[in-house]
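Beneath this line is the structure, given in C-alpha cells, with notes to follow.
For clarity, chains are labelled A, B, C and D in written order, and residue numbers in each chain start from 1.
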Amino acid sequence: MYFSTAVSEVVEGEVNLRGYSLREIMSEATYADGAFLSITGRIPTPGERRLVDAILNSLLDHGYVASTITAARYIASGNPQFIPAVAGGILAAGSNTLSPEHSYHLLQRTAELRGDESLEVGADRIVDEYVAARKRLPGFGHPIHKTSDFRADILFELADELGLAGESIKQFQAIHEAFVRKTGRTGIPINIDGALAAIGSDLGWSANQTVAFAVLSVLPGLMAHVIEEIEQNRPLRYIQDGEYIGSPMTEHLATTAATTGA
Amino acid sequence: MYFSTAVSEVVEGEVNLRGYSLREIMSEATYADGAFLSITGRIPTPGERRLVDAILNSLLDHGYVASTITAARYIASGNPQFIPAVAGGILAAGSNTLSPEHSYHLLQRTAELRGDESLEVGADRIVDEYVAARKRLPGFGHPIHKTSDFRADILFELADELGLAGESIKQFQAIHEAFVRKTGRTGIPINIDGALAAIGSDLGWSANQTVAFAVLSVLPGLMAHVIEEIEQNRPLRYIQDGEYIGSPMTEHLATTAATTGA
Amino acid sequence: MYFSTAVSEVVEGEVNLRGYSLREIMSEATYADGAFLSITGRIPTPGERRLVDAILNSLLDHGYVASTITAARYIASGNPQFIPAVAGGILAAGSNTLSPEHSYHLLQRTAELRGDESLEVGADRIVDEYVAARKRLPGFGHPIHKTSDFRADILFELADELGLAGESIKQFQAIHEAFVRKTGRTGIPINIDGALAAIGSDLGWSANQTVAFAVLSVLPGLMAHVIEEIEQNRPLRYIQDGEYIGSPMTEHLATTAATTGA
Amino acid sequence: MYFSTAVSEVVEGEVNLRGYSLREIMSEATYADGAFLSITGRIPTPGERRLVDAILNSLLDHGYVASTITAARYIASGNPQFIPAVAGGILAAGSNTLSPEHSYHLLQRTAELRGDESLEVGADRIVDEYVAARKRLPGFGHPIHKTSDFRADILFELADELGLAGESIKQFQAIHEAFVRKTGRTGIPINIDGALAAIGSDLGWSANQTVAFAVLSVLPGLMAHVIEEIEQNRPLRYIQDGEYIGSPMTEHLATTAATTGA
C-alpha cells in the first residue's frame, strides 16, 4: 500500500473515525468532541471539552484587525466565490498573525535553555537571547488590546479552574514577567497566540495540532466576512492609499534588435 | 468609510460579535453556538444547536475517498507545512465534492419549475429537465455508500425528531422518488451534500452559509490527514499509475532562427 | 492505468514535452515558445510568437489597481512567505478581475444568438439581452483607463498587423459599437480581459487556455509586489478605514443551561 | 500614504513599470524581458535574456513526477475550475520540491562556514555539517534523473558559454564533489533546484527572486495538466491504494450525558 492512515476508514454504510463509529459521533457528540477526536485521536474529558469550546470561540472574529480577513475580502472582491476566498484567507496565517506555532517553538527553545533549572531561569535566558538578537518575542503584544489580551486571560483562568493549567502556562507567564522586568515595557501582554501555544502544550498537543484549533476558531468569522463581501457586491476593491516611489518613466529599451536578442 | 461590516467590532479589551460580548461567548457558549452566531447572526435554539452539532460532525472524515484529503496530502508531501496544505485541500471543494451549493441551486430551480403546484410536480419537472439534458443531478450518489448515505439519513431523522424538517427536505426526497420511478436506478441515494442543502434551506441559511458549515465539518479530518502526512515524512509523493498518451518525441524546432523570431 | 496525460513523459535523462525534447526547448526556444507548446500542444508561428509575447507582457503589473495584488500583499503581511502569497493572489482572479473567460463566454453566447446572421446582428442581440437583464457586459470598462484601454488597443493593432485578427475581434468590436449606440455610454471601452478573450478565440484557444496566458502575464508583477511586501516588513497590515454597522453589544445568552442544551 | 511601491504606477492611458512604459514593453520586448524587469527592476543583457529563457523553460513540465501537478489534478477533479487548481498546485512548492530557496540558503550557510578560505574548504565544512546532523543536502538528487539532471547540466553549460557563471555555481559543484568524496554516493547529482539557486545567486537575484523564476517555469505545464484534468472529466478521483492502520471500531462514548458536558 502506498498510503496509510490512522485517521479513518470508510466502508459501505459506516465510517470508523479513530476507533469510533461516525454514526455515534453524529448522534451523540458535540463538534468540540468530534474535532478533538479527529485531531488528537481521543475523546476529551469534560474539562477538556469546556476548555476546547472556549478555545474554539476565542478567535471567532477580530474583523478588520486581521490580515486573514482583509486578504479574504479582497479575494472575494475580485473573485466572488466562497471557497477560494476562505482558502486565501487561511494563507495569511503565518509568523505575523494567527501563529501559535511560533509561540510553541518559543516554549521549546526555552526548555532547551532552561535545562534542569527553574522556570524563572528559563524565562531569563530566553528573554536575554531575544533581546540580544533584537528579535520580537512571539506570543506577545496586540495592536488594539494593549494592557492585556482578554482572550488570553479568559483561557488561562479557565484552564486553571478546570485543573488543566500546567507548566507551559507558568513558563509563558514567567517569560512575560522577565520581559517586563528586563525591558520595562508594560504594554505588551501575552496575546491569544501565546496563550493558545501554552495551553496546547499543557494539553499535550503538538504545534500543528495547536494551530489546527486556532484555524478552526477563526473560520466562522472569516466565512462571515467572505459572505458579507460577496453580498455587498462591491467589485474590484483596490488599495486607495498607495503611492509610487520608484523611478520616473524615463527608461527605454535600447533598440528592438537588442531586446529580441538578434 | 471604505469598508463596512456587521460581523464584529474590536475595541480595547472587548470584541462585539454580532451584538454579543466575545467574553460571554468564550465563557459560556459551545462552538456550535459561536459558529452559528458568527455565520447567521443569531444564537441557535436548543434544537438547532443539536442539529448543528450533528451537521458539524457529519463530514469529520471520509479519508482517501475524498479529493480534498488527497489534494492536501500531496501538497503537504511537497511542502510540509500545515497552513498551505489545509488551504489547498479546501480548494478541492467544488462541483464534484463537498458542494451543497449545487444541491441548493437544484432546490431553487425546482421551486421555479414547480410554481404553485405540489412538491411531486416540482420533482417530476426537475428530474425530466435533468434527464432530458443528460445531466447528473447534484446531491445524489456516492462511490462507497451505494444503497443509502447514512449521514444523510441520520440528519434527516434528527431534523424530523427536533421539529426542524421543512419543505426543502420533503422536496429533496420527492425528487429522489421521482428519479427512481423515472429511471429505475436504485443505487443512487440522496447523499450528504444533498442532505446538507435541504436542511440548510429549511433552517433559513443561504447557499454560502450552508457551504460554510460543510467546510467546517470536513476540516478536522483534513487537518488530521495533513498532520499525519507531515509526520510520516515521505517527501515528494507522486502519481505511480500514470501513463503518457501523447505524441512520441519526434518533433523538432524548425531552426533556431525561426524560434527566436529573427 | 488510473491517470493518463498527453502533456509530457519523463524518463531518465529526458523529458518528452508534447513530442519535443525538453533539451531542445531549453537550448533553443524562448519562453513564449515553451509556454505556447505546453498549453496548446504546438510551437507558435513567428507571428503568433510576437503576439504571445505582447499578450504575456500586457498585464505585467497594474499595481494597487488590482485585487490580486492587494490580496497577495495582505497575505504576505500576515504570513511573509513567497509561495502562499502568490497562490493567494491568483485566487482573486474571477468574475470581477482578470477574467477573460467571462468575455469568452460572451462571445460564445453571441454566436448562439447570431446564428447565420451578420456580426452586427449578433452584437445587437447580445447587447439587448444584457441591457434587458440589467447585467454588466464582461470585457468592458476599467476604473482608470476610461476612454480606451491602451493594452487592448495595442493587442488589436498587433493582431491586425500580423494577420492574426479574426472574426472574434471583429465581433467584440461590433458589440462595443452596439453598446455605445444603444446606451450612449462612451466611457466604457473594451478592456484587456475582453481583448484577451477575442484574441484567444481567434488563435483557436479555449477559454481556460486564454486564462492561462492571462495568469502568466500578471504573475511577474504579482511576484514583485509579494517580494516588496516581505522586504518592507510591515507586519500585520489591516484595514484602517472600516466601520462597524451591526448591532450594539446588548445581547446576552439566555442562561448557561440553555446554551449548553441541557 | 499607507502603502508604497516601486513596482509600477498606473495613470489613465499608461503604466509606468519600473521606469519603462508598458506600451513600449508590450510592443518591443519578449516576456523574458518583461518578467526580468518586473522582478529584478532592470532589462536583461542579451546573455541574461538567453539564460533566462532557458531557466523559464527548464521546468515546463515533469508531469506525474511532481507533487505540484498531482495536487493540482486532484483539486481539479473535485472542483473543476482553472484558478483554484493552479493556485493549489503552487502551494505544493516547498522544502521537498520546487524549492531553490533551500539550496540558496545552503550557499549562504556555506559562505558563513567558509569565511576567507577556498571554495573547497567551504564545501568540506558544509558537507561535514550536514552529514553529522544526518540531514539531506538540498539541491541534490532526483527520483528519475539519477546519474545527472540534464536540466542542471544544460543551465550550467549555458551560463558558462555566456560568461555568466560565477562563484556560486563553482561553490555548488565543489559541494557536490565533496559530497561524493566523503560519502561515496554517486547517484545523487546536483538537481535543477540546486542549479537554479546557484545561477540565481550568480545573477544577483535574492532567494525569493530565484523562486519566482522557478514558479513561472513550472506554470505552463501545471496549467496544461489542470486543463487536461478538467477536460478528461473524471469527477472525484481519490486514492486507490490506501490502507487504514488505526484502531478497530470498538470505542464508545461513555454516555450521552458525559459527551454533552452536563
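The rule we apply is simple: contacts are C-beta pairs under 8 Å (C-beta built on N, C-alpha and C of every residue); 3 or more make two chains touch, one makes a residue touch a chain.
Not measured: the values here are computed from a predicted model.
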Partner chains shared by chain B and chain C (touch criterion as defined above): A, D
C-D or A-C, whichever has more C-beta pairs in contact: C-D
Interface residue overlap between copies chain A and chain D, same or different (over half shared): same
Separation of chain C from chain D, taking each centre as the mean of its C-alpha atoms, in whole Å: 24
Rounded Å distance, chain A centre to chain D centre (Cα mean): 27
Centre-to-centre distance between chain C and chain A (centres being mean Cα positions), rounded to whole Å: 32
Residues within chain C bordering two or more other chains: 2-9, 14, 25, 29-30, 33, 63-65, 73, 79, 83-84, 87-88, 91, 93-94, 237, 239-242, 244, 260-261
Arrangement of touching chains [line / ring / star / complete / other]: complete
Of all residues in chain B, those that touch chain D in their complex: 63-71, 73-75, 77-81, 84-85, 87-88, 91-98, 143, 235-242, 244
Of all residues in chain D, those that touch chain C in their complex: 2-15, 17, 22-23, 25-27, 29-35, 37-39, 52-54, 56-58, 60-65, 73, 82-84, 86-88, 90-91, 93-94, 101, 144-148, 150-151, 154-155, 158, 206, 208-209, 211-212, 215-216, 219-221, 223-228, 230, 232, 237, 240, 260-262
Residues of chain A touching chain D in the complex: 1-9, 14, 16, 18-21, 24-25, 28-30, 33, 43, 46, 49-50, 79, 83-84, 87, 239, 241-253, 256, 258-261
